Amino acid sequence: MANEKIQDSLTLDDARRVIDAAVAKAEEIGQPQDVAVVDAGGNLKAHVRMDTANIGSIHIAINKAYTSIAFQTQTKDLNDITRPTGDLFGLSDAHGGRLVVFAGGIPLVRDGRVVGAIGVSTGTVEQDQEVAEAGAAAF
Amino acid sequence: MANEKIQDSLTLDDARRVIDAAVAKAEEIGQPQDVAVVDAGGNLKAHVRMDTANIGSIHIAINKAYTSIAFQTQTKDLNDITRPTGDLFGLSDAHGGRLVVFAGGIPLVRDGRVVGAIGVSTGTVEQDQEVAEAGAAAF
Amino acid sequence: MANEKIQDSLTLDDARRVIDAAVAKAEEIGQPQDVAVVDAGGNLKAHVRMDTANIGSIHIAINKAYTSIAFQTQTKDLNDITRPTGDLFGLSDAHGGRLVVFAGGIPLVRDGRVVGAIGVSTGTVEQDQEVAEAGAAAF
Amino acid sequence: MANEKIQDSLTLDDARRVIDAAVAKAEEIGQPQDVAVVDAGGNLKAHVRMDTANIGSIHIAINKAYTSIAFQTQTKDLNDITRPTGDLFGLSDAHGGRLVVFAGGIPLVRDGRVVGAIGVSTGTVEQDQEVAEAGAAAF
């Protein structure tokens, strides 16, 4: 309501380019996906749910993207460390149900800065990761 | 995980057409907006946050769309009825912080059936409504 | 965990300078306060609860700061518009219990950009606003 | 609003001394951290997020401090006992997403009483513990 505005860490054009690349990969491998992009603050910038993708994966995709920016890491790198024998066992419970500790979330990096993240869910973790990588590569 | 799949009440192509029309109207009036489309189940189908639109409006836009499908009504029609003198005073409190009782949410109708909804937030209620109407008209 | 890092929209030094100025004003007027500073993404950067300030005001202060950045506005400007006769009646219910629609939240602006916000709570709304203004002025 | 006031179990000066010592240690080891101090009631007394520390660690740090006071224990001592073979397996799930069962949360003790706790997050668990110990030692 003031004249001053926030400055987005990534643009909607950025987010759409990332999502389009992810969707193209998902179509190529024949696996409908939920795809979400968040900004540096973890706030949703854009989201699509491909036809017949999981409604339960809406939140998983958004939360993968959130987790990825929140810890500045790929979510797959949280996998082993949060297993029952790992140093961070229990991490997935420790933040109000928002953290995802398996593959499919990847930070988006520009000029050496983490400025957002993509999250993908519905397929197998391998498919989610592959689609997220395709999206991140288009950033 | 089974071969059988859900049937979406509206497609991603539908949602994108609605969002693109809403974004075009938002650009025309010079007001960046958050725009969300949900399906008949109230689940997010697609969302965009235009550059410099409010991060607080992510949830408001999604919740306007949710409210609109949840009660099969435009959110603006909940306005007077939920005021302190109205029959549904208190409705906005009654569902875990998900209901929005002012303008900007509109059901999407096809073949006489409500199959989804659009929600728009960041501008004035008049702007939100105008942009939501432009989106709904493209459905 | 990667070498790339996020870039903070404001620094901890910024946040401490804002909080110190707010605390100094609170001491001057003899009203202990909760004071919170969030970044452009609405994420907490720093918080203090002065001695004998309200524990209930921890969340109110944080949520005032969140609301202020989330809608790029002073929270006091949401006051009249969300009253029973206002256009946005029901706003405070519309976002999961995170919005505060009375005085004490102010955006922090740098180089024409909204880059964070301060929120203050425990005193009267006039005191909260006065202390938040003192904090914002030090930014 | 009454003239009677609560009595803080630790002062803001205490919390700041603890946080300053933790931040100094974090700078010494070159690992930015989120640092939180809670009082005997588990309520946030003060928090800082060092520059480039994780936004996901805001809640983890606060929840480590909360867990530490809530169970009057170092969070690292909950680690083995909550693993799948432990007596308290499932504890991390048992309290609404607020419990952390790995290192980085330490009670603050004065005159034989637990009067607060510090929580640290962003680094490895060893780094979090080291920084929390430095903070607790300054109490």
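The chains carry the letters A, B, C and D, assigned in the order they are written, with residues numbered from 1 in each.
Just so we're on the same page, a residue touches a chain if its C-beta (ideal position, glycine included) is under 8 Å from a C-beta of that chain, and two chains touch if they have at least 3 such contacts.
What you are looking at is a predicted structure, and each value in this text was computed from that prediction instead of being measured.
Common neighbours of chain A and chain B, by the contact definition above: C. Annotation: A-C is the more contact-rich of the chain pairs C-D and A-C, by number of C-beta pairs in contact. Chain A and chain C, compared by their mean Cα positions, are separated by 29 Å.
One inter-chain figure worth recording: chain C and chain D are separated by 23 Å, centre to centre, where each centre is the mean of the chain's CA atoms. With touch defined as above, residues shared between interfaces to two or more other chains in chain C number as follows: 5-7, 41-43, 69, 71-72.
Here, these are the chain pairs in contact: A-B, A-C, A-D, B-C, C-D. Taken together, the chain C residues at the contact with chain B in this complex read 41-42, 66-67, 69-72, 84-85, 87-91, 93-97, 99. Chain C meets chain D in the complex at residues 5-8, 11-12, 15-16, 41, 43-52, 55, 58. For chain C in complex with chain A, the residues that touch the partner chain are 1-2, 4-7, 9, 39-43, 69, 71-73, 77, 107, 109, 112-115.
Those residues of chain B whose C-beta lies close enough to touch chain C in the complex are 54-57, 59-60, 63, 79, 82-84, 92-93, 96-102, 124-125.
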